[in-house]
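Going in written order, the chains are labelled A, B and C, and every chain counts its residues from 1.
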Amino acid sequence: MDLTYILSIAATLAFSVTGVLAARIQQLDIIGVTVVGVVTAVGGGTIRDIILDVPVFWIVDGRYLLAATLAALLTFAFNDLIHRGYRWFLYMDALGVALFAALAVMKTLALGLGSAHAVVMGVITGIGGGIIRDVLLDRPTLIVSRELYATPICLGVGLQLALLKLNVLSGQQAVIAGVAAIFTLRASAIYFQWQMPDLLTLSNRPVASNPEE
Amino acid sequence: MDLTYILSIAATLAFSVTGVLAARIQQLDIIGVTVVGVVTAVGGGTIRDIILDVPVFWIVDGRYLLAATLAALLTFAFNDLIHRGYRWFLYMDALGVALFAALAVMKTLALGLGSAHAVVMGVITGIGGGIIRDVLLDRPTLIVSRELYATPICLGVGLQLALLKLNVLSGQQAVIAGVAAIFTLRASAIYFQWQMPDLLTLSNRPVASNPEE
Amino acid sequence: MDLTYILSIAATLAFSVTGVLAARIQQLDIIGVTVVGVVTAVGGGTIRDIILDVPVFWIVDGRYLLAATLAALLTFAFNDLIHRGYRWFLYMDALGVALFAALAVMKTLALGLGSAHAVVMGVITGIGGGIIRDVLLDRPTLIVSRELYATPICLGVGLQLALLKLNVLSGQQAVIAGVAAIFTLRASAIYFQWQMPDLLTLSNRPVASNPEE
């Protein structure tokens, strides 16, 4: 069991926990909560694998399913306790996003695909589960929140790919650099409540005048 | 044409009808209604087959598509009449859920996968179509309703798997036991308006005190 | 590079633009906008390819991804200008829908599947991206709007298939007929604000009397 695998499982646990905590305001029962936790944990990687036409990772290795289910049940059981540490779990979720995205890049490149596909797969794997969670829970998806979610992934994955293509780092080292970059950016966004500057935000308020709408 | 096949088609019809009836308050046109009916009927099995990487069942056998389309059109034509029998169709839908879930278990086991995967595929097949229907119709998904939907599937499928693993019943007999268990639980939930006890419901109201939120 | 390919790329551009414009009221940042634009552009075809179990088109040919990304970024940069021409882009989107649907029919038939499957794939390819866009942006899906969206596709694809089956036209000619029919119907629906007549609209208001609900 290498470090990558252990971290993947840790990321799965973190995603499942955040899925369950997001379900708190909806008064789901224990089975519904588990469904949401598992889907949040494995959703992004599932979409990635289906689009890449490779076997779905949790079908191949059932331990991801087990980890997500146990994490969901434990979060259900100790939800008040865990909710008190919610902020801490946001950072664990950020680590999960970072790890899943950086690993998705390697998986995509290993199939002979290029950088553009690698970035797309990084984003899908990083935010796919969270988007399905939001849809299941009938709340606005993370895409429409002004939180920085996809941006840290794009920037970190871009760095990872640049280091790889320029032969500065080995694949394994580039993963670590990518994870570090994504995590740092996402964690900073959480801590400092960063939002994109207005210049990089689409607005329906016209600069000068807007005759329509 | 064996009994399983006939019942699968019946379940498809029932799902399509409930999809159309769910669309009633949205004033969809006849084509929109058909889209919703068909998606409700085949959605769960489609996700299951894609994740299992086997040919999608309604691509292989177009009769499922035909059944769902006809059911949707007939429900459109006689919607007031059928709506009067809505409660009766809820039980037909419950039978559909039971049958699809129990058959998904066999399909999953036949691929050499284990019990955990079988339970997950049972749940996906049983509620996947209904969730897509709710998303299309822009209403809260069945996951956030307090109705018992996934729970009867988990319990019934669990019984089915236990009977199989303990060699108490043959595969065919275990399917019947699973269908009976899921249907009985779901039908009882409808009839008695069962909800999960508070103990098994995630709450954001703390037991003692919650300093946050 | 044949005409079909050029038009497919044009349709991809148009879909991406409409995706970004739909995101205007949500104040997304540049990365979120790009995600929405790309998903809108390639979503429908992705679902089609996954269900048909053929390689996903934008994995095979990265230029679709490039086109969608560039269109999204340019729309972000010039969004006020482009929004002023929004109505014009609705027609471009209608052309995209028409082309994607008619081409999906040929792709489905080429796999040896029948007319029913071809219609379903036409509808999925034509409206799938728009539905995912609506879900991501947390707004009612185009299915529940009373706009005619799936109907022009069904009618136009039906014409295309009839002309093909009756050997009136070659495959290429039938595509053109299908595109023309879908586009004309959809463009008319936009221009004249057509809605389905009440007779073909599902209503929860009973004709005579409705004791329930």
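Everything below uses one rule, namely that a residue touches a chain if its C-beta (ideal position, glycine included) is under 8 Å from a C-beta of that chain, and two chains touch if they have at least 3 such contacts.
Everything quoted here is computed from the prediction, not taken from an experiment.
**Q** For the identical-sequence pair subunit A and subunit B, what's the CA-based rotation angle in degrees, nearest 5?
**A** 120
**Q** Report same or different for the subunit B and subunit C interface, where same means the shared residue numbers exceed half of all residue numbers found there.
**A** different
**Q** Counting in whole Å, what is the centre-to-centre distance of subunit B and subunit C, each centre being its mean C-alpha position?
**A** Spacing between the chain centres: roughly 29 Å.
**Q** Two or more other chains in contact with one residue: find those residues in subunit B.
**A** 50, 135
**Q** Within their complex, state which residues of subunit C touch subunit A.
**A** 20, 23-33, 35-36, 38, 46, 50, 55-56, 59, 62, 65-66, 69, 76, 79-80, 83-84, 86, 135-138
**Q** For the complex, which residues does subunit A have touching subunit C?
**A** Touching subunit C from subunit A are residues 50-53, 113-114, 116-117, 120, 123, 131, 135, 140-141, 143-144, 146, 148, 150-151, 154, 195-196, 200-204, 206-208, 210-213.
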